[in-house]
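Both of the next two complexes hold chain A, though its partner changes from chain B to chain C.
And then the complex of A and B:
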């Protein structure tokens, strides 16, 4: 019982973490909120569906192309929308609103191109999960949990050890000083979007396999991912992962004891409490002196 | 800067003037056209938003029926024109849609769906003596919404009574409920509870889920651990599919039961092999296929490249039923149309034999079905 609940929490948390990681990376480096991240995930899932289920390209090849597509789409939103706004000295609030608009626009495009019906990727057969100490888990769910943790590990390595990673941390810490030492903030922003959206591409594949595709999936994922990121500390990527898993656990354990209609209520109450009592989240650090 | 703002403001005023002129001129033109050349029927459907698939399927059914009727020369020589409007499935959307269609398009006959939208427009339609013919809308409040308010669906009350009796006879006395957490779901829950308790059974556990949920695992776990021997799902087709899939993945063996929304290609898409064995209530018997049914299914497949879904079939019937009533009436005489609708008894439609009761609700034959090898068959 407890173990199954734990597993349910891990699965939900891993899915939220996949969303929150890319989103949090973009926020911590570029310092604005990119709600359209959810739509990048949704669009990439549908792109995968188009390649694999409609055209019939090999799944693994389609998956790689979907990740590339996600990275390009994310980069596109930065270059075509956010950069243009930044050139006009738009405030972060305006960029946030524009990201909302982008989310709605992209989802409407999905509706136009693919229709409103739920789509399935049809790559894995539906079967009873594997027994594990009295609980049940499917191979895909194991991949999702391990995948999100592996992504986190890879990401930490990347940020600590690679030149680009260090440059991103520099820009995140203090954009102006970073430019002084010769790091092009504009280039770094682009790279951030590429990497963050590539992570979204991975999320798109796994979530698409686990939950089926629908046009509004981006919004739902973004709400949960954003909540997880805020709980864990919105400036911190490991925090986003931690917050997401915590959210997954809280939801599943919560509705074991409370009526299950309260699932969303639990998520939002926790978000609310954190914003009130610990706005920097669990791992968030107070960063001073970096006002745009 | 100043010059630029000036130009922008001027352009906006110019555009507004042009638009107003266009609407003003063409608006009255179509007003005249309605009386002379077409029968305009409004369709307020959830074409976008959470339940866009419902609106889309209904639109497909409606379009199919209209093209058939118009190909045969329309009604009394006049073609039908459907004016669609998107309600997004919300109350405000329903009200805005009604206002736009009745005031700008001069519509007097409305098709509509979702309890939110229908209940928003119903009082106004009733007051203005306009026909409001709802498609597949669940709430019991619609029955008493008015004389001019009609509904084509499998009535929840009848469906639940039939389901309760069938399950009781099969020996399922303790029932678990997995219900969508909105007003429609709540009215189903109350009705299910009442029916089962009347028959001497009990509801062992009720679990709910938010609209657009994708993860039912913990709710299913709770239901599995309870005393319930069967689990009834009140959910849309896609959600039911995911529920079946997750139940199978979790290794849950209890009988899962659904309502008429269970049947549709999206169920098999979402659940795959996990769909086999689900029990559900429905109105369409594949073995008793009439000529009408066969033709409908063929036409649907030809037009849209896939098999018909329940909402499309119901919507198709709405149009056919309306057309029947309109045959003996002037399209502007809503009182005549109303009377003609109430007269309909045992009309052959795609969704079974349809009759209207005094509330304007339809009654249909109900049967128990299941899924075997990915096919929807009689139980």
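And then the complex of A and C:
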């Protein structure tokens, strides 16, 4: 029982971490909350469903196109909405509201295009769980856990070793100084959205394989990913991943004490408490939000 | 037929007016983006329905209790969050509304969870029944007028001026000896009371409630109204409520299936909100921008 809960926590944590990584990257560089990130994931999952299940394109090709689609969708939100707002010196609160509006806009579009009923990708046959020291885990779930860790490793390598990654960290640390040394913050913001949303595309594929698709999945994923990011420290990507796994464990061990219906409530209570008591999270260095 | 439809729209406008005017008190006059407002609406709806249905209380006790329970919820939200600001306040209040939603959904012995509460009776007050829509509309109009007068008096009172001072410069207000935290807490509690009243009216009008009626989705039109009307403008709030409730109505007549009309409404609200935020962030009559 303990081991099964541990594994369930790991799987949930890996999924939340996939959501939190892109979200937290965007937050740490651009310094505003992109809640529509969840809808980007949901939309990309549906895009994959459309290509693979409805049109019948090869799965791997569809998956690559879904990642490209996610990156473009994220870039589009930045160019069409956030950049326009920032040009007018909109406050973080305004940008936050606009990201909710975007979230609801994208979810409503999913409802119109695909309807309210649940969809399944149907790429993998329902695999029998492998017994593992008395607990059960499916091969796909192992892929999700390993995939999210590998993605994180790749991402950290990218942030530390490539020129673009270094420029993103520079803008994140101090935008003005970065611009003085010739880094265009606007360009870096666009790249941040492209990379953060491409990670959302990967998340969309793995989550689409593991769970059913439903129009509101974006909001649910975003709440969990956001909570994970807040627990770990919203401006720090490794912190967000750590926080996501902690949230996965907290939820799954929590139902030892509480009826399972309260699983979501555990996340909300943790989110509320962290925002009140420790808004910088466990690993968060500094607060990037409104400091006024 | 057309008459019944108009009455229905006017009742909806009335309920949204109470909700939007009360949110305006907190967002516009106090400068706090409270995304938990919808939770007060939900608590008011549930408290009133359960008292009237299960314990047989008369409607007027139900609606007052709806307001009082919502006020208590308001204190519950305001006391811990009084020191956080800006987008963190918005997110903490959003988290709070999720907690309330989860409680409504999971406390099945009381709320019946996702099944919702059917058969909430139409109100009757002092022997007068408000079961027909036209009489219900009159009741709503009376409550809207009372709400408007009270909120207007609050806003122009000494307390209201202190709220605006806290919004414009909290440090300065505190330097002058005003207890900013207490003021903000009261503002949230008062607005929660009116939201609870609106929730009770909604429950007794529709006669059915379930937790999904009290989520972020339902809050978006109200936030739209407050921003489009203009922050700290009661006149703008009224105008925006009427416009925004009527705006998606033509969708019904174009002949879209109902599975499209719902999301199409959401799209309209989301687009209107985005356009206003980008091109006219002060709304119709607003004097200030949200910071």
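Following the convention adopted for this analysis, the second predicted complex is superposed on the first by the 286 of 292 C-alpha atoms of A that agree within 3 Å, B and C clash if a C-alpha of one lies under 4 Å from a C-alpha of the other, contacts with A are read in each partner's own complex, and residues count from 1 in each chain.
Throughout what follows, contacts are C-beta pairs under 8 Å (C-beta built on N, C-alpha and C of every residue); 3 or more make two chains touch, one makes a residue touch a chain.
Since this is a predicted model, take the numbers as computed values, not measurements.
Asker: Answer with clash or fit: chain B and chain C placed together on chain A by superposition.
Answerer: clash
Asker: Which partner chains sit in contact with A:11 here, chain B, chain C, both or neither? Use first/second/both/neither.
Answerer: Touch status of A:11: first partner only.
Asker: Between chain B (first) and chain C (second), which does A:212 come into contact with in this model arrangement: first, second, both, or neither?
Answerer: Touch status of A:212: first partner only.
Asker: With the two structures laid over each other on chain A, which partner does A:93 touch: chain B (first), chain C (second), both, or neither?
Answerer: In the superposed model, A:93 contacts chain C only, not chain B.
Asker: Once chain A of both complexes is superposed, is A:116 in touch with chain B (first), chain C (second), both, or neither?
Answerer: Touch partners of A:116: chain B and chain C.
Asker: May I ask you to decide whether A:264 touches chain B, chain C, both, or neither, giving the answer as first, second, both or neither?
Answerer: After superposition on chain A, A:264 lies in contact with both partners, chain B and chain C.
Asker: Looking at the overlay, does A:256 come into contact with chain B only (first), chain C only (second), both, or neither?
Answerer: In the superposition, A:256 touches chain B alone.
Asker: Should A:1 be classified as contacting the first partner (chain B), the second (chain C), both, or neither?
Answerer: Touch partner of A:1: chain B, not chain C.
Asker: Check whether A:108 is in contact with chain B, with chain C, with both or with neither, and answer first, second, both or neither.
Answerer: In the superposed model, A:108 contacts both chain B and chain C.
Asker: Given the superposition on chain A, at which of 20-28, 164-172 or 200-208 does chain C overlap chain B?
Answerer: 200-208
Asker: Shared contact residues on chain A, chain B side and chain C side combined as an intersection?
Answerer: Residues 108, 111, 115-116, 259, 261, 264 of chain A touch both chain B and chain C.
Asker: In the complex formed with chain A, which residues of chain B make contact?
Answerer: Touching chain A from chain B are residues 48-50, 52-53, 55-56, 181, 207-210, 212-215, 217-219, 221-222, 225, 238, 241-242, 245, 248-251, 266, 269-274.
Asker: Please name which positions on chain A make contact with chain C in the complex.
Answerer: 32-33, 81, 84-85, 88, 90-94, 96-98, 100-102, 104-105, 107-109, 111-112, 115-116, 219, 223, 226, 230, 259, 261-262, 264-265, 268-269, 271-272, 275-276, 279, 289-290, 292
Asker: Where on chain A does chain B make contact in their complex?
Answerer: Checking each residue of chain A against chain B gives 1, 4-5, 8, 11-12, 108, 111, 115-120, 122, 125-129, 131, 136, 138, 211-212, 214-217, 220, 251-252, 255-256, 259-261, 263-264.
Asker: Write out the stretch or stretches of chain C touching chain A in their complex.
Answerer: Residue positions touching the partner: 33, 80-81, 84-88, 90-92, 95-96, 98-99, 102-103, 105-106, 108, 113, 216-217, 220, 223, 227, 259-260, 262-264, 266-267, 269-271, 273-274, 277-278, 281, 289-291.
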